[in-house]
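The letters A, B, C and D name the chains in turn, as written, and every chain counts its residues from 1.
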């Protein structure tokens, strides 16, 4: 069991309804975590229904969906960036 | 016989030793005019010795060396531009 | 080589002066300023810029350092604003100073292309009758890809 | 769409503000500033800029109009100085404002490429021990040719 800070931005934040939470999980990878959260409540399912338009960072570095959660402190979910 | 204002810029001006003069000539084209001036004095010959690095404008429009002088008022000789 | 993330507006002329002051080896300065554009002919109230504070500065520095490594630059900078911005307001700027104009132009375009896809900012347009997140564009990913050749 | 030829210095920030003021259809502004560069590590006293007054403004307007025709621009401008300029001084600027960043960048590069080869300016470098006319570069003609495809 690990404890993660999970943060959400833009429409991912809006769909989930919060900006930050602490999650206790047995998930080994980002994919596992997405599946676990989606199973918990519909708002997660809604946010994560199309993971091709969701980006993920572990400890402020972009990672792919199969990235392991070993040693992770903060996981972030957000849409593709639109700055500039 | 036509009367032309002839103007010189940058090192063409420096070699010829003046910025502007009036020229009376029988020349029909720029090439004729260059030949005529070069025959007059060495300073023109020096300025016009390599016409591949001299640009010419008739009445403020760039032209080629075989351009006719019909109706021309001002002829300008100068090196390739180096603005910007 | 500096990056700033701020709510406040910036002055393009001042920033460029500070960037280049006293340096006589600079021949070319290129700047880009992004502006809140109203594509609706008056219906846009504001553009809200959200970012991921813990990640933003480091992401911009990574982009800035990549440009400094690839081109001959005397200096470069990125400023990006966040918060609620009115139509016509400045969103961000980049500036590049180089001995040569080609380097200054290419580096500025590179900074913009990477910033669009790699810096954690998101834009939401607030209209009189609702709000809409600005979508990312496939064209932006394509623009970035040209630097990988 | 404006061109100016002047001895006086200019303020980049002011010029861009005037160019874009009140227009909410602008999304991107690109500027280029050319600066007197000392390549000799201190031996350059000044750069003298000579031009052909009767031709200059019209040449710059032709270039500016060609850019306006080719890209989607809200506004554009060219300022070019003449006279004796110290190392580090601003020589000239172009600015382009467009709904889209690609247009703003391309138009600014186009203005610069044509200005280098088609506007009647000449540069002379004055050194402690003599003077030298700046030569034109084959690279500048090549840069211009890319717009002919």
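The working rule: contacts are C-beta pairs under 8 Å (C-beta built on N, C-alpha and C of every residue); 3 or more make two chains touch, one makes a residue touch a chain.
These numbers come from a predicted model, not from an experiment.
K.L.:
For chain B and chain C, which third chains touch each of them?
P.N.:
D
K.L.:
How many angstrom lie between the centres of chain A and chain C, each centre taken as the mean Cα position?
P.N.:
27
K.L.:
Taking each chain's centre as the mean position of its Cα atoms, how many Å separate chain A from chain D?
P.N.:
48
K.L.:
Averaging over Cα atoms per chain, report the distance between chain C and chain D in Å.
P.N.:
Between these chains, centre-to-centre, one finds 22 Å.
K.L.:
Can you work out the whole-Å distance between the CA centroids of chain A and chain B?
P.N.:
Once rounded, the distance between the two centres reads 73 Å.
K.L.:
Residues of chain B that touch two or more other chains: which are they?
P.N.:
84
K.L.:
Which parts of chain C, given as residue numbers and ranges, touch two or more other chains?
P.N.:
As it turns out, chain C has residues touching two or more other chains at 34, 101, 112.
K.L.:
Could you run through all the chain pairs that touch each other?
P.N.:
Applying the touch criterion to every chain pair yields A-C, B-D, C-D.
K.L.:
List the residues on chain D that touch chain C in their complex, please.
P.N.:
It is residues 11-14, 16, 20, 22-39, 44, 87-88, 99, 101-102, 104-105, 108-109, 112, 143 of chain D that touch chain C.
K.L.:
Given the complex with chain B, which residues does chain D contribute to the contact?
P.N.:
34, 49-52, 54-55, 58-59, 80, 91-92, 112, 115-124, 133-136
K.L.:
Per the contact definition, I'd like the list of chain B residues that touch chain D in the complex.
P.N.:
7, 9-11, 57, 60, 62, 74, 76, 78-84
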